[in-house]
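Consider the two complexes below, in which chain A is the common component and chain B and chain C are the respective partners.
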Partner chain A sequence: MKIYPYKRLNRPIALRVTSVSLRLPDGTRDPLDISAFSTQQQTVALGVAGDAWVSARIGLSATLPPGSTAADAPWSDVRVLAVLSDGETNVRTSARLRQSAPESKDWIGDIDVLRDDHVGRASLEVYAVATVDDVAGRSIAETDTPWVVDAMANEPLRGLALDIQQVDFRKSSREWLRPYADAPWIVDASGRVPTVYVNSAVEGLAELLGSRSGGIENKVHELLVTQMATDVWTAVFHSAVGDLEIEPDGSPVFPTDWQGEVLREMLPYVVPDVHVEEALRTVHRRRTGDAGWVELQTRIHFAAIRRAEVTKSLAGILRGLVQMNQGTES
Partner chain B sequence: MIEKPSHIPARLGFLAGTAADPFLREELLQGIRGHQGVDLAKVVDPLPEEDPRWRVDPIRDLVDDAMHEFAGNRTQADAWLAPRLHASLRMTRREAADRRLWNHIALAVAPDYVVWRHLPNKSEPRTAPERFRGPLDRQCFSRLWWAAEIFRDGNDYSPVVTAFGNQDLVHTVLRSTWIDHRPSAQAVVRLLEAGVVSTGREINGLSVAINAAGATLLYDALAPDVPRDPEPLRQWIEDATTAPPVSRRHLPDGPDEEPVPKESVATLVGHFTDFFETAPVRGRDTEGRV
Partner chain C sequence: METGEEFGPWLARQLKLTGKSQAELAEELGLTRAAVSAWITKRSIPRPTVMQEIARALGTDIGTVHSRTTDTQAGLPVTWYHRPGYPDGGRDGGNAAAFAFEPDVQVLARETCQNSLDERIRENGRPVRVRYTIHELTGEKLAAFRQAILWDELQPHYAAVSANAAHQKVGRVIDAGVRDMFENGRLVLLRVDDYNASGLTGDDYDDGRFAAVVRRQLESLKSGSSAGGSYGLGKATLWATSALGLVLINSTLSEPHEGRTERRVIGRLELPWRTVDGRTCAGPAWFGRPDPESPAAEVTRSFWANPETVASLHLTRDGDDPGTSFLIVGAQDVAGLADDDADGGKSDSEENGDDTRDIRAMHRRLVAALGRDFWAAMTGGGNREPLLETSVRTLRNDEIVLEEERVDPANEEPSRTRALRAHFEGTTVERLTESGQVAHRFVPLDLPLSGGGRGTHGRHQALVLITAAEESEEELNQVHYMRGNLMTVKKARVPNLPLGTDPFQAVLLVGRAVGDSVPFVNEAEEFLRAAEPPEHDRWGQTDELTLRWSHSAFRRINRLTTEVNSAVKDLAARPKSAGRRPGGEKLGKALVLKQSPAAGSRVRTGTGRPDLQELSAEIGPAGEWRVTAEVKLPRGVELPAMRPVAELDVRSGPRPRLAWAELEAVDGCEVEDGVLRFVPGVGRATFRGSTDVESHPVRTTLTRLVLELRAEKGD
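Moving on, here comes the complex of A and B:
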């Protein structure tokens, strides 16, 4: 827990998205329906309209915890700001919200998101600032989990998606795939999002992956996908820790893009029971130091298995096999 | 030093990190021998044909001029090249975030420049691979473009030149998240200009202090910026079709975006100076004297 040298509100701000509309190149506005955002997932998907928009206006409603407007509050000049930040494009913008009525805890307003400014995901937070002990601009409360604003996604899903592409490795115009012609799939963690290239030259593989027939094919398909996902998360973890920025004092900086998301999800399984920042320092020390990197591999693999939900899909296929055998016996 | 590739593509493309890897050979990194560029062309994904922005010539010419002009002091090439690269390669941040484009420039268009600029002056020198294919604030060309984007004040590139006057500033500060707030970026340039900070240690100390104070102070509230308007940049990009090559002598103009509000910069200059004066900086005693 952070310690603050001044009084603050001791609960987080609750943030809701109330509307999303797009401004189109001809200047007209196109309101998106509520399927473009999800309160449960705390995510807004702006990709539903494809590429043809210039900016999006997100309507916000923020509820401050009790006490912000108390007559005896130790602060004055309360202001509420929405801040949109994007680690991939270094964009940081903010918008002031207005109090919906005097003495109200509810603050409303909107923030604009420019399409040219984002590739993927930006993060949206709300801060309440005030003058406390004669110091202006101090944060007295903020949202605890930021909303995700995804400029590309068609659906408001918070989890990070993989890009899966089917190509014939032998004939692909991507010549660098040709040396891998024997492999059923390979993982490329060097791109903006991790990509699995599935080799359509392997006969039957594409059909199996495309199958939605139910039955055992479906289970095999699922297991295969989780296997790929395990490969992906392992590769992604390694590329993320290999790419870390290092502060002058030698400590690693948490990445602000999807690599950061992946690290935050996997680190608790790699180095359990410590804060993720400390876990990252441990991993970095082990990787660059003399000892302990080899020993960590098992844990990285375990984290990838957890992330890919291998256990669940394996249980599914085992159950399927048992049922199949029972079917042939009777 | 290496020669430029005998085959230089006519247009920019995308070179995926994985596809680029086999070309990062030791002899290239050590500045012994470059590649011919022919094999590399096979693994590049093309960009849309009709867009005139992706012509290679203007960039290759700039790079040649920079190597000629700054043969005696290659670090100084940054301050000259950054605004000119930014004004020649007119892009949105969305486009410029794609590392594949920068990989292509570094490996296919100007590997000789990367080695010229970043090969260390020591025995058995080796260029860091991240200068070819690395994070945006480290890669040879993306760091220039992005520093120009972050430090320009609307259409005015002069703060970019000031920022590059001190390599430590760009090196330390570009990866910090607080620099993404435009008034903060301008305030730091002012501090450098005024001589409040100058050494690498001081800049580090300042950056740490700004970051630490940012845990409780919201700079966006203390020093508001104007809302972003997408139109000036779109217009500037559209004008790329007819724009002449950038001037070698005078600073070019950037997109006609609204400058950072002066009051906001002044407010932060005050705050940052206070933070710095009370911050622990290595090599400085407690009275704040260097």
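Moving on, here comes the complex of A and C:
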């Protein structure tokens, strides 16, 4: 639980993106369709117009919670700032918003995103800062869920899709894949985003994965997907806990990129009943300590099964098979 | 001075009203019968001195004779005429339509506004103004009103109906209405006024607006091809809304009838079949002046009332703008009361037992219904005035309960109102690049050849408007379909939208709604009106459509809907990602990090651990953090010891840990070496602590404290 030593607003700021335009290399501006951003998903996809842009200007509108402009408020000199922070490149950009009208709760403005500053996803938050108890620049309210600004994506989807590549392991220019020529798929979690390589040298595999047909083929397809997903989640989890930044006192720092997301989604199943931060410390202690790591493997396996929704799809597959059998008997 | 009627016809009617013959008048005036005849046939007019004598003979003043805007009061007194029962014993009287509608002011609002819209005077380009007045009468005001409507004459009829109440649904309603008035000593009048409308023109009995409303039950008289169905079935809602089956009417006409325009008054009562004083009555009754031309001078007709009479009937109109006022006596809102009950009656206490609750509720429901059904007609923009303005006010004994409230379409339909206004102002765009914009797209409507011929008569261009929905709105992603009268005929959700499409609202304008300059506008209007059933709630297969066009003509409308949906999808939804992902759709879906705020929440196995529940903290005099925390303890398990950890929140990097200077148990636990051990069996524990200032890296007022409970190592 967090406690501030001064008075704050107890509700979050509501942030909306109102427009997005790109500055192209020739200096012209290209306003993007509003389908480039999604209020539901709270995501902006800057990659909809391809890669050829220099900067993007995102129009913003933020609504402060009630009480921000109250006459008897314990603060003064309220300013509202939009902050774009990129966990990967460590770039932080901020822009001041302006009040749409005196005494209004709505603040508007825009923030520029430079293409060269980002490789993937950055998060966009808004802070209301004010002078409280004679200390300037204190944050009195923030957005609760940041918007995601994705410099690459061509669809404003909040979920981060893992990369999937289809290559012939024997002939690939990625020479490191060649020793795995026997394997139908391999997970590489060392990149910016974990990548699943599907071996197109395995005959029929790519076709099965790409098929939309029904019947028995569909069941096999689903079974294969759950199998692959279980593998992938297990691999990325291990990769995430094996690659933690450690504080001087030996406790792990919660990662901010995809690894953090993986941990956030899976740790609750690995160490139930505690906050994810606490769960991460437990896992880290067991991994680096003398005992308990082996015992934890069962829980990690369980978490991967849950995350890959094996139980659910298996039930569907089995039900389908039973129906199919009944159909052939009658 | 108001323009009076010509002298001849006026005099003829006055003679009829007073029951005098031309010869009798001639005799009284000491003139020849030929002289009187010459006046009546408009061949001459009397000299001023003779006017004086005529006035005396008719029992009126000279002013009335000169202005001739009212009838002399000498005629037969205003009274009620009850239609006699049929000699063959048939009982097919009664207004079927009145019983088909549930008393609901929202339905009333829809039907009455629609009539007013259709009767709008188009020539001046001004909106028709419709005002709803809810007026509750009690005490003396109620008594005075009852006297004005000649309640004593009606009483036996209501009594007869009440006696039969057990056998008839309508009888029960009316019985309840009468009892409500007497037992609670109150009566609610709901008045519907329209201004800048035609008014009830035409003869008392022959075809015309007057007869359509007052004399006939199902006939509809439409003023134009885009009309929604004026004074047809819908007018029955007026009587249905009255618990007493009684509606009084005062109309200012747009074109003179009998040389006059103002204060044409009549009342109509709808009761079930009844026997009163041995006479059978078929159903309806009219409040007016007996018509000397009718058999036994019994049938009552409309009369030109004077301002005092109109005032006593609560029918006084503002100014002389043409239009009609309907006064629904004993207005009831059964649907509204049901709504109110659903609230759990909490509004009761809100208004301090104020007994105006139901008229306030009626007021609110009217405002909401008008905004919902007529937002488009009430929207203007550019150089175009809205078609309709509406307002609602609530009075009690002539004192204001709720001020007159002009209905603002943007309250009920903020985004669609914005869309339509942008269309009128010409500020719509081709594609949406900013929220708040309105995009337009033309969609074709191919009109079939009439008379069953194959092929297409012509292509009309309908217009889709789309804009982002406002947060307050419900029923998202819908298209409202409307034609020239700007009434929403159909609301349809756009199917198969891709996941994650931001909520939007859309309007389809077709026919005259698009503008008068688009091709085949009249044909489209006519075609869709034929496809509209009496409920005005969809476009589809109707008899008229089949007869005038063909059996398959309605498919053209289905095709329009398909075009609309695809245009909307194109404008609102983002394109599906180009090209298929390697590895197929299923695998792709399985490998997505959700990044939802819900992720990271704890999975509970039921065993549970102690957890912080309440925390209060302040900075002590020495600059230390002083905390008091409450811990929630799970039941029935052996609880692990927990260590409270105080840290300072930071943006990045490890959090600095603060040392405890003091840590003490308050309740339900013990402190041992900085660790909390809980007393078995208690539900919650409380502890207090203060940090060691020596361990603070910065000034305490500039820090943010994070308190956590951590399990002791070795679990």
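Rule of thumb we're sticking to: the second predicted complex is superposed on the first by the 327 of 330 C-alpha atoms of A that agree within 3 Å, B and C clash if a C-alpha of one lies under 4 Å from a C-alpha of the other, contacts with A are read in each partner's own complex, and residues count from 1 in each chain.
Everything below uses one rule, namely that a residue touches a chain if its C-beta (ideal position, glycine included) is under 8 Å from a C-beta of that chain, and two chains touch if they have at least 3 such contacts.
Computed from a prediction, not measured in an experiment: that's the story for all the values here.
In the superposition on chain A, A:253 contacts both chain B and chain C. In the superposition on chain A, contact is made by A:34 with chain C only, not with chain B.
Residue contacts after overlaying the shared chain place A:4 against chain B and chain C alike. Of the two partner chains placed by superposition, only chain B is touched by A:81; chain C is not. Once the two complexes are laid over each other on the shared chain, residue contacts for A:262 go to chain C alone; chain B is not touched. For chain A, the partner that touches more of its residues is C, with chain B and chain C as the two candidates.
Looking at the shared chain after the overlay, A:243 reaches chain B, while chain C stays out of its contact range.
When the two complexes are overlaid on their common chain A, residue A:190 makes contact with chain B while staying clear of chain C.
Of the two partner chains placed by superposition, only chain B is touched by A:91; chain C is not. Touching of chain A by both chain B and chain C, each in its own complex, is seen for residues 2, 4-6, 135, 248, 253. Across the complex, chain A is touched by residues 431-437, 468, 500-503, 572-575, 577-578, 580-588, 590-597, 599-605, 607-609, 612, 615, 617, 619, 625, 627, 629, 649, 653-655, 657, 700-708, 710-711, 713, 715 of chain C.
Contact residues of chain A toward chain C in the complex are 1-6, 16-21, 31-36, 38-41, 48, 59, 61, 133, 135, 144-145, 148, 154-162, 164-166, 196, 198, 206, 209-212, 221-222, 225-226, 228-229, 232, 247-249, 251, 253, 258, 261-262, 264-265, 267-269, 272-278, 281-282, 285, 308-309. Only residues 2, 4-6, 54-55, 79, 81, 83, 85, 87-96, 112, 114-119, 127, 129, 135-139, 151, 173-176, 188, 190-192, 243, 245, 248, 253, 256 of chain A touch chain B when the two sit together in their complex. Chain B meets chain A in the complex at residues 16-19, 21-22, 42-43, 45, 92-94, 96-100, 134-135, 137, 146, 149-150, 172, 175, 177, 179-181, 204, 215-222, 224-225, 227-228, 230, 233-234.
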